[in-house]
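Next up: some structures, all given as structure tokens.
The same chain A turns up in both complexes below, where it pairs with chain B and then with chain C.
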Partner chain A sequence: MSANSLDRAAHFECADDVEAINRLYRERRWSDGLPIIPPTAERVARMLAAVRIPPQTVIARVAPGFGAATVERIAINAVMAGCEPAYLPVLIAATAAMAESSFNLQAIQATTNPVAVWLIVNGPIAQQLEINAGFNCIGQGAWANATLGRALHLILQNIGGALPGEMDRATHGQPAKYTFCCAENEVNHPWQPLHVERGFSATESTVTVVGAEGTLNMNTHAKSASELLRVIAQTMIHPTSNEYVHGGEPWFIVGTEHAEILKQAGMDKAQVKQALWEQSKMPVRDLSVHEIERARASRTVELGPLSPDTLLPIATTPDDIQLIVAGGAGTHSVYVPCFGNSRAVTRRIET
Partner chain B sequence: MEVSKQGTQALTVCSTAFQTLGRAQARALGNPELPIAVIPHPFGSRDRIQVRAIAEQCAADIVRQCVHAQAGASA
Partner chain C sequence: MSATVMLFDPTAPQVAATATGSVQLTSLAGAVIGFIDNAKPNFHHLVDDLADIFTQRYGVSRVIKQRKSSASIPADPAVIAEMAKACDLVITGSGD
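Let's turn to the complex of A and B:
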């Protein structure tokens, strides 16, 4: 679908002065609060040259404002964030992924929850673009991780219209709303990587979008798989979780040392998910009275009548628990609780 | 919004904290005149009795807005 005249990017004349341009972006609320690279016609053209899709092609309508995410508009936000032109196909695939109904972008964008969109890149493109899957992979330092995540959140704000305090109603938000992107470590991996588990071939490149409520580091020197899984499962249990209320899709970034422990125990992904699902059940009585009412509204069809003694699983099925392997050396893994009313979507990256 | 597009008079109810979102979304979806009845925030932490009391206080205003909008559409 091609953009109509209303959906085309506007052109602004401005003094050739990076500070003046950034003042304009600040006044118009076109930035995320950080300085931007001015998206001049030349820079946008260089970005667009990385793909063969016509610039006015509408990739998706982005909730809650339902602005048209044309290739050109995606490219403009990519330039602003500091992306290299080679990153553009990742952003195009991610934008299409976010628009799938199961992702529930409308709720993600307009909720009071701090949910941010997390990008996970798999396949050969991750190494080609030097997307960090190792030490500090969700921290600072890698250009691709930082700018890809930033560009996506600029797209959500500028095309989707989710301005903080207006259509973005997040009570506090979270730092990941500036940027949240990593690759999966497919080398030191005991199982199939995420994209293969989701039906793609190992040689395809994909991006997965996740509605992430935050990150919680889990440092444990547990040496056996059973002990490791027990303490991780105990970490998942928290009565303020959206996931127990709705039946969620919790994510884990399993550190390579923890992955090795699970591998040595001969556990496959399905067995790890099953163990976490079983051991993280929470008695309904641990929820607040109001959350029990919400859980009854959401999960009675799935679980039947909920009594105070009912053990509530965090997700409808063990397979809803999602695992990737990433990070450097160390006894850490990361729990990424999710929004609850959202399911991650994976899309192939067309280069 | 979808009901309104199909020709049935519709009205959105939201709390004060979400009024800005409701107005912006109505504009974005091409129906800036969509009537919005605003109730006091917070809403989620109130019990059923309190919610019922608010509903009873608002009901007349909601009917008035719907009728007013319907009359405007018919004129």
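Let's turn to the complex of A and C:
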């Protein structure tokens, strides 16, 4: 069989009955457990018409099975998730981003850790596609957020071959493995938005993929920057964290009210990162004996010999701490602890 | 007869692991055995015991042990190259 025939999606005839089709996709483990939109030839063609890339173009090989993520297969999974055709360029860029070696997708897909892939969309496309960056931005209610995140996880399962309990060894998983996507609030923002910080222009559209272990809400009515950062830093400290063991990349969704407090205090992003990094150090002795052994294997080169009194930083450098601004009004921010041995990747969305 | 519709399979063929250039060992006597320790707690205990068995029972000439810094990252390419050069057989695995 030629490479081209391998890269062409298989197709078949089926009775035109949405319930029967859903039963079939469920039996073949092609769904995530929720009903799907049947990927008919017509729907997939409409999806593909949103881009000018030939359908058999391989965007990436998706670990752990290293299936070929062609534009056509990405489109098929996008249809199943309920995406609009205009969303396809986001998924193409995200699939390419996940394949970067620094993202470590092989580990993310096969680990017992609950890690899910979080999509953050920046730039003009976020508003064009109505990707929610405001109230409930990582919750339910916005079609683009819900279906984009869902499509990405279908790609990971169907093209990457990471079936739960088989190659996806997640002990529990997490709800974000159904969907996890938001935009950044670039209007009420005291600093440069994420994509500009990462070297793109404000008028470019980007997607960032993050290996997210979960979300932890941080509700604090603190009104001074120093108090706000102190309680956030204390929230970061937990001895069961992969990030302290390996030196990670913790993320924060800073709520707009908390962002305003930091802005009023005249703090830039670097100062916020530095304060969180300093104040979230944890003594080695707080880890379990086995985690100390893992931390020694992973961080001795970086930190030297680890004694019980050694203060472990959550990340190798303050700049590894990542901040975006999003959410509606309220005294909340969200801590997104991450996988540890993974670095987020940002890609430009080509439209 | 009900109408039919053409549907797509959303999966992709998985790339099968290929063993290229592998050589079958007919005996372990005199062989050099390598272990890539994935850094999970306790794997090195298993490796130590296996190394003793290989040496004492099967006449292995030498055992080389290399530890990754973490289970969730690949072995350093330089380590893989070194093991490929020095070893007749390399065992990777997970212990916890």
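Methods note: the second predicted complex is superposed on the first by the 348 of 351 C-alpha atoms of A that agree within 3 Å, B and C clash if a C-alpha of one lies under 4 Å from a C-alpha of the other, contacts with A are read in each partner's own complex, and residues count from 1 in each chain.
As a convention for this text, a residue touches a chain if its C-beta (ideal position, glycine included) is under 8 Å from a C-beta of that chain, and two chains touch if they have at least 3 such contacts.
Here the structure is a predicted model, which is why all the values come from computation and not from measurement.
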Could you check whether chain B and chain C clash or fit when both are placed on chain A? clash
Pick one for A:F66: touches chain B only (first), chain C only (second), both, or neither. both
In the superposition, chain B vs chain C on chain A residues touched: C
Of the two partner chains, chain B (first) and chain C (second), which one does A:G340 touch, if any: first, second, both, or neither? second
For A:P250, is the partner it touches chain B (first), chain C (second), both, or none of the two (neither)? neither
According to the stated criteria, A:P190 is in contact with first (chain B), second (chain C), both, or neither; which is it? neither
Quick check on the superposed pair: does A:P89 touch chain B, chain C, both, or neither? Answer first, second, both or neither. neither
Applying the touch criterion given at the start, work out whether A:G327 contacts chain B, chain C, both or neither, answering first, second, both or neither. neither
What is the contact status of A:R169 with respect to chain B (first) and chain C (second): first, second, both, or neither? first
Just one of 20-28, 56-64 or 74-82 in chain C runs into chain B once the structures are overlaid; which is it? 20-28
Report, in rising order, the residues of chain A that make contact with chain B in one complex and with chain C in the other. 65-67, 161, 290
Of all residues in chain A, which touch chain C in the complex? 6, 9-17, 21, 30, 38-41, 44, 61-62, 65-70, 72-73, 76-77, 80, 104, 106-107, 111, 154, 158-159, 161, 245-246, 290, 293-294, 297-298, 301, 339-341
Within the complex, chain B is touched by chain A residues 64-67, 110, 161, 165-167, 169, 290
Interfacial residue positions of chain B with respect to chain A in the complex: 17-18, 20-21, 24-25, 28-29, 44-45, 47
Within the complex, which stretch of chain C touches chain A? 2-15, 39-41, 67-70, 72-74
